[in-house]
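The data blocks that follow each hold one structure.
In the two assemblies presented below, chain A is common to both, partnered first by chain B and then by chain C.
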Partner chain A sequence: MEHIRNHRSVYAYAALFLVLVFAVAMPVGLAWAEDAPAGAATEYRDIPGMGSRNLIWIVAQQHLLLAGFVLGVPIFAWVCEIVGVRTGDQRYDKLAKEFTKLLTSSYATTALFGGILLFLLIGLYPKLMNYLSDVFFPSFLVYCALFLLETATLYLYWYGWDSMQGSKKGLHLFLGFLLNVFAFFIMIVPNSWATFQASPVVIAEGSMWARAWAATWNPTWWPVNIHRLIANVVLGGYICGAYAGLKYLMAQNAEERVHYDWMGYVGNFIGVFGLLPLPFAGYWLMREIYQYNQQMGITLMGGFLSWLFILQAMLIGILFVGSNYYFWLGIMHRIPGSEARYRRPILAMLVILLVCLGVWMTPHSLVASLEEARKMGGTHHPLLGVFGVMSAKMTVSNLMILVTFMSFIMYWRAGKEETARWAKVAKAGQGVLLGIAVVVVVVLGVWGYFVPAITRINYFSTTQVLVVLFVLLTVTPLTGLLMKSARTTTEMVWGVMPGRAGYVLVLNAVMVILLMTLMGYARSSSRVHWHVYGVMQDTSQYAYSPALGYAAAIMALNTFLFCLLVAFIFWVASMGGEKKGGPTDTAHTKAKDAASPAVGSAPAASTGHQ
Partner chain B sequence: MRGPSLAVKGGILLAAVFVALKFVLPLLTAPLPMSLIYLYLFLTIIGIVVYGTLSGESTEALLGPIFRFLSGEGIGGAVKSARLAVLVLFPLLVGWQTYGGLAPNTQPPAESRTIHPAPPGEFVGLSNPLPNTPENVMMGTGLYAAYCLPCHGPKFNGNGAASDGFNPPPANFADPGTIAMLQESYLFWRIKKGGVGLSVEGHPWKSAMPRWEVELSDDQIWKIIMAEYAGAGQKPRTWE
Partner chain C sequence: MAGERSFIAILIKRLLLGGFAAVVLLILTRFVFHFPPVFQAMFVLYAGLGTVTFILLDAPAVSPFGGVKALVALVVFYAVLAGTFIAGANFLPQYDPMVEKGKIDKIVKPKLAATDKGKMDALLKRSVELNAQSQAIMKRLEALGGADKLKAAEGDKGGGGDAPKAAAGDLIGLGKEQYDLQECYNCHKIGGKGSVKKRGPTMDNIGNLMKPEEMKEKITNPRSWMAEGFEKEYNKKQMPDKYKELMTDQEIDVLVAYLASLKDASVETPKPIKK
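So, the complex of A and B:
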């Protein structure tokens, strides 16, 4: 065995050596850079074999994914900390600290990739960077200042965690607030650079600051800001969930199982919490793009990029099913004896989800052989072709949101009995509200086929969204009130979820990462052969849109690389954690019997296992 | 819950969905392409797996019989022969499918055609310069009858006398997924420039639409557009 282990070590070192050689040799590729003619400025440089665009694509995507995680996690880490303070439950404080631990370990890598991206952009696309620097130089300065503030605040927030307990907790919470404020601005400043490329506003007159401000406040800036803010929470939640899922699968004792089961639940909850409003933000963004430029909108939604939205439907669908599945597993396993009661409603919700997903994934023009197309009379099916248009897609996405929300409410109520006198009325009211919402969404969806597009977009789709939001915003506090006085009939047992629950959490995270790589490609490709749409043309050898299959391969590679990166970062973080403290402190005993669960309305990671 | 029932039920459900999509649906409407049938079968499998693995008991009921059948544990008689047949036939089926997919075929491969490519910049945001009056619509209808009707049909549904000669068939304007989703400027581009004027994005450029700018003036094209929307009972996409 020792002999085999030695061999493995040799292979591992050899692999590491090759990676290092590659890392060092890669810049040498720049030696083959395109040289500008004498007297002219270099516009592009290339990297032989790999291609400058591919390298930028990979590095930018890694940076963006890391940044999404780093900017999303502080939001719910801070919220968890507030919950801990308000409820006096130390578990939330510990959880917030563990989230922040993941954040600190990812922060430097994010900055590192940002630096690499900047150097590569300056080196490989000097013409573009020169232009962007001219437009945005003032905001570069603002960004630097924000970065300094964010870094200092993060250091104080993380390293001051233990010393700022008790009377200084308020100061620590304020630091968390500042961290999120700086993080938000750190996100929206670079967003202005990227959205400017897609929907530029260029003014020739005015001061440096005035030009930068006009370029910043471009038509797609705020839609992207909101969409990314929510997406970052979703990404952060699901990645924390995946981290917990893996830790759960590797747990060596009951205490770890209990803790990571609960952490996985919180991660999934955060992911779902963000996922529910995300389609609305995406819809707004697409609407703004259409309004800004019809060509760009058609390229995205009706043209050659429209297939990406079918893939998007598939990924979002799996995410919805995965998140619901995790809730349902929670009901079945954490609440003993619940199977008989909840199987039927779960089956109904599953069928609705899958039917909706089927509609969402049905393309407008179907992929068909010549013979099949002849039999259909074209690539539009006479019956199922109606599923291909936006009216159908909006309807089913709203229904899926409602179903997922009901899954969560069902989970919340499971194992409890309402004691409030008005409980019956409230529950009936919620049922009626939900029923009306479903009817309104479906009726407007069908009616949408018979009205002008502008009526559907401006009134029907908006009404569908508002109705669903209204349900979310009324049923949630009402259920919260009901649960406040509810009696627990069946204690929730933590740490007894089957292994597949951990795998589902990992699957959800992979789906979100794939989604971000997919839609990142869509957003970037919608500019087609322009660096800055309609202003600066791409004149490099890469001024063409890569084929969808090729793009899909790079997206998969990016997803794989990011998973590797995150796994490495978390592994390093957990090494520190084992020494410093946290839920893994007591894992040294490595108890093999990991089956004994924790019983209670919530787990007590340190003492709760029976 | 009885052990093997869930696995059997799942198998029956999958087979039923396949039969319904492949053989029953074509009795009512046009047959579905296999790409869509596979998609719906994939969703059905997801449903069976998710529902079947909710609890430990149901997981055993779903997967237990499958694992036992594949491993041969505790089976005998006819089931044993069936297992042998599956173990032999399944690889052969996969091989046959692979061969079918790779062998040279006279059928062209399935393709994803971009139906609505983005128009060139000069056609973006144009608005119809003519007022939408009954006279203009009537003139447009006359022009439609002369130039468009043979292919797009008297009912504007793409079912003209010559439509059978084209693949893909002429557009069905009555379908809410065609002209109702587009601005008038888009139609102006497609009518004026025809199939040869499709942009790069319009791959694989399968359109027999003539380039009508050769025969019709811009005003005539705008009148035809009015007539098409009026005749098909649709309204053009607008932003106001």
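So, the complex of A and C:
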């Protein structure tokens, strides 16, 4: 019977495989060239019904999201491994290993989608690919070489995990470092192709290497590199959180709940810490776009794409509220006795976040009826219009970052009492620093209305960003020092979070993925009807930008498909683990009683915040 | 039971608080600030979001789902999120792709027509039209009496084609259109509108400073002229040299006609220097 069942499952998998192959091959097989006269090169091919652009959109987005995941996870894993080594807490090492295990299958899936994308681009957009190959061929070679190095390092890193423990741990950490270095270069090389399309530069005559280098070093290359690097960390963190959230919801026993509760916390923590500097990187990118081409900046922020940024504000706002809510839930449930103490500050922070969200979501110009416009005295409302400009948006985004940072600090300190002699001075100093930062951010934000745009962009906004970064970079290590010697007054209890904590973690991950798909649409649409802005026009039937509502439906589809792919990768990766004793095999906990919620020891609780 | 009772008390208290905030916001936005309805609704929604978040902080845990139920709950959860996202995107004012399509037609179609492919397409289209016309004429002639009359008809026609239509365009208007389409305003100001960052000179009085042929020379070869005070920009080759390839002669001519019409001496316009 067992034999027959095995055969049946083989047939089922074979049938599923064939269906998948058919689903992928059918539209490609149906592709035809747009009628080209004899002797003339084909410029475009189309997919009937679906449209070549939609197919490229979906495949490219899947590849990009997977790439973000594949590049984010090694950073996540390596940081966890370092924390594990530094603190001696084996949970971090096991968490790092659990996520590195995902890399082998996700790496292959990413490469698979990269290959599909390449073939589709060559087939559907030959004119563009011919041009890009002509400019970038040398970097294609570099990319291949980097792939070889990355693959070899990944194999060594993963398969050498157990054998490189103890005295060889340093070597393993070095391999993790190399893995991330190669991954970074793998990311920035294709970034140069995409950013060149948006901000091409005059390509000097010379060798093919000189031409490729000139095209690579275009104005938006580094802003996109940094933005994507941080975004990948955020994606890796939140996906780890979502995975932990799901596993927490499905946990069968207390031990699993403890482990996945803790894992969810770590994922959310890394996601939030990546999220905090992300708006700064986004701001830098927009600034470079404006400096490169004012029209492109206007198209994005003040033209037909401007409403997209209201949608972005909604997603970011919910992500901030979701991330903070998870911290607050942690305070209320993991630290007994904290409920009453922190409710008021939580309410105050929630109100600030919502007010900031309200300002961020206010557009500059309004689409109002004639009667409403008359009543307001124009399309710009005297009050709402004030909130619609960049000065207000920069101010509230900085305030939201500070509030989220406060939530984290509050969570870190909950249930502990500082014992250091300088604790009072340090706490007062932190309070003063935060207060000054808030005042500076608000004052510069208001002052920004009364100075020329160029002064605001170059000096005021930059100062706001630097002040907030300064707070983040000084308060965090100071609190870390304080917590090192702190006395635990209330033990942190893991595994007692309500089920909605798991859903919040899923919500955060979905918001991040939707945001990435939205920004992909923004970057592509900002080029309007150009393949390479100002150089090569898109003369296909899909040269126009789709409307926001239609685009949102494709984004939601892309997000869903990506979640399915990630679930598949997690499932495949978990197969090996189950044989050895299931997921709980790795679920090392410090639970004193497996049947009851685990109470984290003081070092474990404190290291959880580092 | 006691926990449930206390949560009900919390729920009522926070709902009242949230409801109060929503009503206050509605009154303020509607009657004091006269916000448009969409913002009145938004502010009420913010109050709702805050209330729900604050209530959920203390809500008791529900028993977890398992198996298929868990899967369904998750898919429903995603469907709600995606549905809200798509509805939100559709609720916002929609950009009309037809606007961009119109612009593309204006820019791309003449370029396409100028290529070999475009010329062949046009010839094919024309031959199909002529074929259809000749067939229609043949049918009509057959109905009238046959081939003799056809020859007579051909003789009458005298081999003349369609008379060229008079080009009655507003040259300056067409030039202004080219100025916008080529996005010259990115680097140049006219009437105070255009470039914020210093890239290229103001154009308001350029008609008094340059002859049309000099303007054409500058457009097709940016290295041929430099604006006074723009040495740095000139040396950095800020002005692209793509217009010779990108624009047809006719398009450059109408653009020059438009620029030549700019003669507002009250606006300081940098003096062109021949290089």
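Keep this in mind: the second predicted complex is superposed on the first by the 546 of 610 C-alpha atoms of A that agree within 3 Å, B and C clash if a C-alpha of one lies under 4 Å from a C-alpha of the other, contacts with A are read in each partner's own complex, and residues count from 1 in each chain.
We adopt the following convention: a contact is a pair of C-beta atoms (placed from the backbone, for glycine too) under 8 Å apart; a residue touches a chain by one contact, two chains touch by 3 or more.
Note that the coordinates shown come from a computational prediction; the quantities given were computed from them, not determined experimentally.
Visitor: Quick one: chain B and chain C on chain A, clash or fit?
Guide: Partners clash after overlay.
Visitor: Just to be sure I read the superposition right, which of the two partners does A:192 touch: chain B = first, chain C = second, or both, or neither?
Guide: Once the two structures are laid over each other on A, A:192 reaches no partner at all.
Visitor: Could you look at A:339 and tell me whether it touches chain B, chain C, both or neither (first, second, both, neither)?
Guide: Both partners, chain B and chain C.
Visitor: Between chain B (first) and chain C (second), which, if any, makes contact with A:479: first, second, both or neither?
Guide: neither
Visitor: So, does A:323 touch the first partner chain B, the second partner chain C, both, or neither?
Guide: After superposition on chain A, A:323 lies in contact with neither partner.
Visitor: Please indicate which partner A:498 is in contact with in the superposed arrangement: first for chain B, second for chain C, both, or neither.
Guide: After superposing on A, A:498 lies in contact with both chain B and chain C.
Visitor: For A:105, select first, second, both or neither according to whether it touches chain B, chain C, the two together, or no partner.
Guide: So A:105 meets neither chain B nor chain C here.
Visitor: Could you say whether A:449 touches chain B, chain C, both of them, or neither, answering first, second, both or neither?
Guide: A:449 contacts chain B only, not chain C.
Visitor: Taking the superposition as given, does A:386 touch the first partner, chain B, the second, chain C, both, or neither?
Guide: first
Visitor: Just checking: does A:546 make contact with chain B only, chain C only, both, or neither of them? Give me first, second, both or neither.
Guide: Second partner only.
Visitor: Can you tell which stretch of chain C collides with chain B among 132-140, 150-158, 186-194 or 222-230?
Guide: After superposing on chain A, the stretch of chain C hitting chain B is 186-194.
Visitor: If I apply the document's touch criterion, which positions on chain A are contacted by chain B in one structure and by chain C in the other?
Guide: 291, 293-295, 304, 307, 321, 325, 328-329, 332, 339, 343, 346-347, 350-351, 354, 357-358, 361-362, 366-369, 372, 375-376, 381, 383-384, 453-454, 498, 500, 534
Visitor: Going by the contact rule at the top, pick out the chain A residues touching chain C in the complex.
Guide: 36-37, 40, 43, 202, 246, 249-250, 290-291, 293-295, 304-305, 307, 310-311, 314-315, 321, 325, 328-329, 332, 339, 343, 346-347, 350-351, 354-355, 357-358, 361-362, 366-369, 372, 375-376, 381, 383-384, 453-454, 498-500, 503, 506-507, 510, 514, 528-529, 534-535, 537, 539, 543-549, 551-553, 555-556, 559-560, 563
Visitor: Give every residue of chain C touching chain A within the complex, in rising order.
Guide: Touching chain A: residues 33-37, 39, 42-43, 46-47, 49-50, 53-54, 56-62, 64-66, 70, 74, 77-78, 81-82, 85-86, 88-90, 92-101, 103-104, 107-108, 111-112, 116-117, 120-121, 124, 183, 185-186, 195-197, 237, 240-242 of chain C.
Visitor: If we count contacts the way the header does, which residues on chain B are in touch with chain A in the complex?
Guide: The touching residues are 25, 28-36, 39-40, 43-44, 46-47, 50-51, 53-57, 59, 107-121, 124-125, 158, 167-169, 172, 175-177, 180-181, 183, 185-186, 201, 203, 234-240.
Visitor: Can you list the residues on chain A that touch chain B in the complex?
Guide: Those in contact with chain B are residues 291, 293-296, 298-299, 302-304, 306-307, 318, 321, 325, 328-329, 332-333, 339, 343, 346-347, 350-351, 354, 357-358, 361-362, 364-386, 388-391, 449-454, 498, 500, 534.
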